[in-house]
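Worksheet: one structure, shown below.
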C-alpha cells in the first residue's frame, strides 16, 4: 500500500500519551492515524486479527448517553485484545478535584486506555480530561502506576476527534487520497432540529481538522450559533497554512452553492451552552428546564435551515457528498421537521453508515499509535503474514 | 462418539445465517445443533477449551429482564472467544423501521453474533428480529459491513429455540438417544401461576420441536390459553411426518395419564397477549395496567392446574420426568399457590438445573455452526488433541 | 526472590475452594497469598502477562455500590484471562434459600470464580456467601456443574480479606518484610464521619489479620462502636499465638501514642447495625430512615475523633504510616468535618493509592491459588521466561 510507505517516513516519536484534540497533533500524526485506521480496516475486511494485547483493561467513562460511540470504543478495544470496564455516572456533574484525582488512579492500575465522553457542558469536558491526564501523570511518576494509561477523547465540549478523523477517512476513500481533498469545497452547516443542547464539538472538530488539508471550507450558521472563537481562529490559521480557505456565512443557500461535500447538522446556540454550564455549576436544575425551552424557541426561528433536494441541486453537479455523524433528524421520519429531507437522507444513507464504520478503526489506530512500541514495524509484520 | 459420525454425514451447507425459529431448520440441522452442543459440553467437562475466535464482539439486545439467558449467552460467547457488549433498552417498545435499520448496522461493524430477546409482545419479537436481519443483509451487500453477523433468537414471541433445544438435549441424555424419544409421551401443560403476561414461546417452542422426533405429544391448557394457530398446525404436521402424534386437551389430569415426560408451565391467555400489543402500539399504559388485573383474574379460575404428587402418580410408573425452563412458581416456596407442588419440584430440582446447564452449549453450538467454516472438521481436530 | 523460596516450602494443598474469611486460613496460606500477589505485581510492572485461562467467566455479585472493588475484581479477572459478567441486584435484600440455591447454580455452568460484595447488613453477608457455596457444592456433587467455582469475598459484614491482605502487602513493602512487622504498633482507630452505616468489616479484617504477625495492635473507638465479639476474641487469641499484643482503648489520643502505623476510619455503632438488619428483615423501610438519623446523631457526639496533625505528632517520631481503604472523609475537602485533616491526608495520599494498587493483585493471587493446579510451579515457569 502506498499509505504504508508514507507511514514509514513519518516521525511518530512525539505522538503523545493522549488523543484529546486534533489541533494538538502534527499533520504527520493525523495522517498516520488515518493511514493506520485504513490498514486495520483492510485487515479486518480480510478477516485477519490485529489483536496486540494478551490481556488488559480499557476503561470507558460516559457522562452522556451513547450507543454508537460506546460500541465503537468497545469494538476497537476488543479487536486489540483489551476488555472494556464501563464506569457510568448517573448524572453529569461538575467534578471535584480530589474525587477526579483519586478515581483516575484507582481505575488505572492495570489499564491501557481510558476513553472519555464528556460533551454536555461547554468549558467542562476538556478540562475534566486534562484533570484525569494530570492525575495519571502524577501517579505514574510516583510509581503508584506501573504504566501510564492513554486517554482517548470520545467527545468533549471542544472536539470530537474520533468522529472527525473517521469523516476524514471517509473523504479520503470517497475522493481517492488526502491530496485529492485540496481545493474541494466542504460546507459545515447548521441545520434545524427540534432537539435541545446538541454539543458544538462536531462542527468544531470538522472545521479545525478539514482546514488542514487545503480544503475550501465554509461554515454556515444563523447568528447566535457561533462556534468557540479560539477554534474558529485555529481553522482560519490552518486554512492559510494548508493553502485552503475558510469563510463563515449566515445563509445556508449561499453556503451550498457548488459544494463538493455538505455536512448539515444541528447544534445549540453558544450563549445557551454557556448559561447551561453556569446553571449546572450552581445546581440550578429549575432554570436548566427553562433554558431548554428558550433554546427550542430560538431553534424554531431557523426551521427553514433544512438540507432539501432543492439545496442539493445547487451543489457541484447537484451531487455533493452528504455527510452526517448520525443519528440525523430526518424530516417526516424521525421528526416532523428536521435537518434533512427524507429523500436526500435515503440517497446517502448507506454512505453515512460507511462513514460511521470507520470510527472503530480510527479509535483502534489511536490506541495502536499510543500503546504499541514501534507501531509501524509491528503493522508491517502483520501485513506480511 | 457415535453422534460425531452422524454429524459427518449431515449436509449443513444451508444451516443459514441466523437461528430464529426451529421450524425453519431441517431435521439434520436440528440434530447437528444438539450433537455439537453435546460435544462442546463434553469438551468443557474435560476442561478442554473450544475457543475459536481470537477477538470479536457478540451483541446482546434484551428487551425484557433476564438473568439466566443473559448468562447463557455470555458463557457461550466467552467460551468461543467473543466478548459480549450489551445494548439494554430501558423499556420495551414497538420499534420504528429507520431506528432499527440504523442501529443494527451501527452495532455490527466488528460483530460476529447478535443475540436478541424480545418476547413480551405477541406479533412483535419475531418481526423485530427479521427487521434486524434485513438491515444487516442490506449493509453487508452494500459493503458497509465486512461480515454479516448472525442472529440468535434468545426468546421471541413465537419461539424459544435455545430453550427447546436444551430441553431436547436433556431428553436425549435422559432416554439415551434421539431415536429413543420415538413413541414417548410428552405433556406440555399449562399450569397456574399468580403472575402476569408470561410469553407463549416456551410451550410453542416445545410442541413445534418435540413433534419432529416421533413423540406422542399432548398439549393441555384451559380454554382461552390456546397457542398461536400456525404453530399448532406446524406441530400437527411435524407429528404426522415424524410418525408421532399430537393432541390438545383441556384437562390436566387427562393429559398426565401414562406420560413419560411432563412440562407444566404457566403462560398468558392469547387474547390478553393480543390486546396487550394493541395497547402498547397506542402507548396506552393506563389500560395496560387494567389488562394485567384481568389476566390475573382469568388465571385464578384455573388455580387447580398444579403439578401435584397425585397427578405425578398417574404418569408412567408414577415416574415421569418433570421438566421446567426455570424459574418455576413453586407452591408454598416462591408463592402461595403455583405451578408445582414443593415436594415434586424438590425431587426433580437437580434435573431442572441439569436441563438449564445445556443452554450455554446449545447457544455455542448455534454460533459454531453459523460462524465456523467447516465446523465438523474443526471439531474433529479439537477432539483428536 | 526470597519470597519465592518460602512459597515453595508451604503446604498449600488445603488452600480451599473459597476465600471468605482470613481467620479460616493458615498462616502459610495467608503468607502465600501475599507473596503470590507480590510476584504478580512484579510481573505486571515488567509488563509480563500472567494470563492463565484461555476463556472462562468470573461472576460478580455486588449488593452494594462499588467502583474501586468492582475495578479491582475486573482487573484481576482480566489479567488471568477471565471475563467478568456482572449480576447487579437493584436493592439489598435478605435473600431466600430457594432463589439463592437456584441462581448460584444457573450462574456457574462455565464459571471459574464468583466474587461477592454483601456488606450492608450485619449477620447477612457472610451467611449469603455460605449459602452460595453450599449451592455450588451440591450442584457440583450432583454433576450439574463440571467444575465447582471458587468464591471470593469482596467484602462481607464480617471481613474484607482483599482489603486487609492488600494492606498487609502494603505494610510488608513499607517495612521490608513480614518479619519486620513483629513488634510494630498498629492503631486501628474509629474516626468521625458525617456518613451512615459504614460496615464493620474493614476494622474487623484489620485486627483479625494483623494480629497474626506479632504486631502490637491497638483498637480504639468510642463506647458503642464495639466490633463483633467473636472477631475481637480471635484477634486476642491471634496476638497471643503470634507473640504480639492486642488492646482496646476508648481514647484516640491514648491509642496514637508512639504508633508505627495508624488506620483511622469510621464505622457504624454495632447496635445500629443490628437494628438495621432486623428492620430490613421486616421490610420496615420507614424506621430504617429514622435509624439513619439516630446513627448520624450518635456519630456527632464523637466529632473530635479526627486524625489531626497534632495527633500524628504523638506517633513514633511523628512519622507513623497513615493507612486508609479509601475513599477517606477528609475535613474541608470531601466534607466539613471528617476522619482526617487535609494536610495529613495529602502527605500520605500517594501512599494510600499505592496501598489500593495491591488489591487487584491480591484478588488475582487468591484466584491463582484456588484455581491453578500446582500454582507455585506454574509461577516458577512464568518467572524463568
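Remarks
Think of it as A, B and C in the order they're written, each chain with its own count starting at 1.
As a working rule, a contact is a pair of C-beta atoms (placed from the backbone, for glycine too) under 8 Å apart; a residue touches a chain by one contact, two chains touch by 3 or more.
Small disclaimer: the values here were computed from a predicted structure and weren't measured.
Overlaying the C-alpha trace of chain A on that of chain B calls for a turn of 120°, given as a multiple of 5.
Taking shared numbers over all numbers used, the chain B to chain C interface scores under half, which places it in the different class. Separating the CA-averaged centres of chain B and chain C is a span of 42 Å.
Each of the following residues of chain A touches two or more other chains: 83.
If you check the complex, the residues on chain C that touch chain A are 44-45, 47, 49, 51, 67-68, 70-72, 74-75, 78-81, 83-84, 326-327, 330, 333-334, 350, 353-354, 356-357, 360.
Listing the residues of chain C that touch chain B in their complex gives 54-57, 59, 83, 85, 87, 98-99, 102-103, 105-107, 109-111, 138-139, 142-147.
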